[in-house]
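You will see two complexes here that share chain A, one where it goes with chain B and one where it goes with chain C.
Moving on, here comes the complex of A and B:
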């Protein structure tokens, strides 16, 4: 009978229209960074030529190659790239365009690579902490929590340097902002799209009989109100399928469009990727691919939580439109509520453990880059707690529904 | 045996039914009452769509809510407002409901064919429901109620929208079905249940006023029902003195049919079920007239 409910889920023309619309939107979003594409691919050559990490050896080779390139255009002989660049007028004007581009890129990755070690040595997380404390006006218990968390962050920073995670080559973050592009722009778009689809679909399935006035006939059959249990399972499966499809399609196109070859096994917490002062640091030593996998898993789990929230709402409201509105109100109300939590106790952090907050900062998932969610287990706890909570609420709502008058 | 024990039903502060006691055994029961009397409310409680505010309903001495699936399994229900999926064919919709009723596919197919024939829809089983007329939809509704060969069949105004021919067919169908099951149907059309109902239930002022067979009901007016042809200007006077059930234009005046406690120089006539219905709910009509005025 779950099959019947599943078929109801996929019988909504609005759903297909929306999926199509979202996919088109995502493609436009992907293509919007087209102009970066050409120079972006240089890092793949770097990995191919010099290995996956900016070790002293590979930096040395890069420097040699750079100098060789320069020496083609000048009679002067430099011993370091740094020296050569101080005299760039002697060769740049005569350089061919593509050699110039190559040199520029090489220097970019070379210099970044060379700075990596000292940058992490000097990186002071205490600055980040006091910045956050000022920015969010934290005090008392909240301050203690952050002090504690930044100590853990400090540990992790030491560990990643020991593992040389920071030396993995990646698209130059300050130049291309590919992390933000993939996980913030596209990632957040994907999450919101999947959320809209999940809420629509779940409300559609759950209120199907009420919206079509067949409830009086169908809830009196032997299957009767237990149909709602099938709907729960069916809408969860359908939300998962639809979300997975939108993710897979969009990410598929993305990775066809942007060449990540050579970077897939780069450590996530590398220095090259950093876009601002604070480089991205994940709580665990994961490669880019592993991070992406974690991200997709968390994104799907998030949809399941949204599905369960919607299910509970729809069971009480028995009306599709009211359910959408209620979901939106709940979302907004939660954001208000969390911003009202007192900033002088740990409570303000507890308020962050919510799917409604989580969906806003996807680019910081599994990292220590958002001070308000700087907990290694933030994503897991949020998903587990709300998931469990809404399993209970869903079960309670179902029980309640079986005793309701259906008029 | 289906029993309603002292059931009261409130909608918020409004009481729709009060202290209703009823027993149903095999046979057809007609629920005859005017609009808003609480027929649908009673039926919705009998099919567990809603629950008594007080009292309980039992089937074979067990509460129907506790029986749950076991009870729904022997239940057939046609709601007053029968909802359907427009893009489904009659067969597909019936197959779906059959699945919800736990019938297996092959059995359901045979049963649906049989039922569609029974209600005269065998030729349109493959047509989409959105192309059906109101009366045809109503007959699909009757089919779905009968799918699981229910022991308890509850039909809320099943004849609404049926033409006289279909009405007659339906009446025949009911009498053949009544042998080994409980059938409760509501209507305000007396002829629908006349001659086939084993008992007729009348609800008035939120309570069960009568639950009697037709003979007993008619005997309520035995010797009190008269007809007379009177001049037009006397009609007003008759209305104020007696309960006038009907009047009819004749060539030499107006023929009035009325109830009087005393005999007079009038023609005594055999009361019909319709007369009883009109007489019982006469005040109610007056009441609603009053309401219109204020």
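Moving on, here comes the complex of A and C:
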């Protein structure tokens, strides 16, 4: 029977049209950063030639190579790149375009790599903490929670320096902003698209008989109202499949378009990737690939939670269109509600543990970069709590549905 | 009359409550910021005061001799700042007598030295703790005067645009309106689609068509539904735009309505094909919104007749509204008629969108007279 319910989801041509429309948008989004592509690939050569980490040895080699490049164009002999760059007028005007580009890139990664150690030594999370407290107007219990969390963050910072995670080469964040591009712009677009598909499909499958006005015939059969159980499973499976397809296709195109070779096993919490003052730091020592995997898993789990929320709504409303509107209203109402929570108790943080908030900041998942969600298990707790909650609500709604008047 | 019955069905209370809530959330998340924080921070607030004063004293343009008058204001403000620094012991100790010397010395001082720290403290005390008006106003004047002086260098390769760029219309006013009207236009498109999408589908789901189309009114019902939809669209759009302008009037930008868009503060950033005043520009965007609202209504009207379930209806509408929002934000509401694109591009798009709407309607109308409803 689940098979029949699945076919109700997958037999809608509009669903495929919508998927196609979203994929087109995503492709346009991916190509929109085309102009960065050429200079991006330099870091792959860096990894190839100097190894995956900016250790003292590789930095030394980079400096030598940079100087060699410079010495081709000038008679003066410099002992360090820093010295050479102070006299850049003596060689830059005569340099060939591609050599100049190479030098520029080499210097960029060399300089960043050299600063890494001292940057993390000086990096003061207290500043970030007091900035957040000011920005969100926190006090009392909320302030204590944040102080506590930033102490844990401090420990994690020390640990990552010991592991030399911060030395892994990656696209230069301040220049290219590839993390924001992939996880915020594309990631957020993907999450919202998958959410739209999930909500549409779930409400469609759940209210199918009511929409066709066959409910009175079907729900009196022997199978009858237990069909709603099959619908639950079927819509969950269908949401998972469609979301996974949209993710896989878009990310596939993305990684074909942008060259990440050599960087896939870079540590996520590296210094090169940082876009603003605070570098990205994940709570665990993960590589880029592992982070991406975690991200996709969390994104899919998030869709399942949306699926269960929609299922519960649809069981009560028994009308597809009202379910869509109700979902939108619930989304907005939750965001309003969470912004009204008092900023002087830990409650304000409890309000953040919600899929509706989680979907807004995908680039900060598993990291300590968003002060309002700076909890190492934020994603897991959110998904588990809301998932469990809506399993219960779904089960009760089903129980209620089996014995209510459908006329 | 059938028309009123159709109106009653369109104004379905459940849907209206949903739409009202969605609009409130939309306002809260996307619009309220631009009402609450206008002008946003300092020195923009100080610039706003200066700009309004200039319009009061000199009218909507600022010619060279009037600019000299503004320079006198600036000197007066400078004197105020000097008076403040004279009575300040730290400033006297550091030998700082004016805003300009504070800036220069701060730039010259070695970073981290004791002198630098002292000056930095003085600076942040004046600007951020005590928020001395004169100093912020100087910043505002400086930005504005720089723009005025640069306006003589505005040169552009496009033929046919010649102006001395002396009009007074600040960039932040234009930008604020642009952000607001984009979001308002998008909200209206969403709301119209939601309401009009329900014009045919619920009837069809209840198998009403075979009954409705054999009555005396018969297939002319299609026309009644169309008129009801268009009236609803116009009413909804007018209500939303009315509410919007009521809120917008609180921003206090009305002194600029008669200023030309070719102003010295706007000319450097964005150039327009037409020599509109700000007020005329607002009217142009309002016209666009009415047009697009009717287009959305026509498309939803036809889609609603074509589809057989809500998934299809909402699925198609999401494609339509997303495309519309993208068109809005690239050129049809944001930077409308600017020289980012050739002038014909704007008219071609307006034409194409109009043709799409009318063709969709005429096509379905023709089919509707003979279509098999069983």
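FYI, the second predicted complex is superposed on the first by the 407 of 407 C-alpha atoms of A that agree within 3 Å, B and C clash if a C-alpha of one lies under 4 Å from a C-alpha of the other, contacts with A are read in each partner's own complex, and residues count from 1 in each chain.
Here is the rule we use: a residue touches a chain if its C-beta (ideal position, glycine included) is under 8 Å from a C-beta of that chain, and two chains touch if they have at least 3 such contacts.
This is a predicted model, so every value here is computed, not measured.
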So, after the overlay on chain A, do chain B and chain C clash or fit? They fit
Is A:253 contacted by the first partner chain B, the second partner chain C, both or neither? neither
Q.
After the superposition on A, what does A:406 contact: first (chain B), second (chain C), both or neither?
A. first
Larger residue footprint on chain A, choosing between chain B and chain C, goes to C
Three-chain overlay: angle at chain A's Cα centre between chain B and chain C, nearest 10 degrees, stands at 80
Exercise. What is the contact status of A:384 with respect to chain B (first) and chain C (second): first, second, both, or neither?
Worked result: neither
(message) Let me test your reading of the model: by the given contact rule, A:23 touches which partner, first (chain B), second (chain C), both or neither?
(response) neither
- prompt: Now for A:296: first (chain B), second (chain C), both, or neither, which partner does it touch?
  reply: neither
Output check: A:320 vs chain B and chain C. Expected answer is one of first, second, both, neither. What do you get? second
>> Looking at A:213 after the superposition, I want to know if it touches chain B, chain C, both of them or none. Which is it: first, second, both, neither?
In response: both
Smallest Cα to Cα distance in angstrom from chain B to chain C after superposition equals 7
Contacts of chain A common to chain B and chain C in the A-superposed view 213
The chain B residues in contact with chain A across the complex are 44, 47-51, 68-69, 72-73, 75, 77-79, 81-85, 96-97, 99-102, 141, 144, 148
The residues of chain C that touch chain A in their complex are 14-15, 18-19, 21-22, 24-26, 28-29, 194, 198, 205-207, 307, 309-316, 318-319, 322
Listed in rising order, chain A residues that touch chain B in their complex are 1, 4, 209, 212-224, 226-227, 403, 405-407
Given the complex, residues on chain A that touch chain C span 12-15, 17-18, 21, 25, 196, 200-201, 203-204, 207, 211, 213, 319-322, 324-326, 328-329, 331-333, 335-336
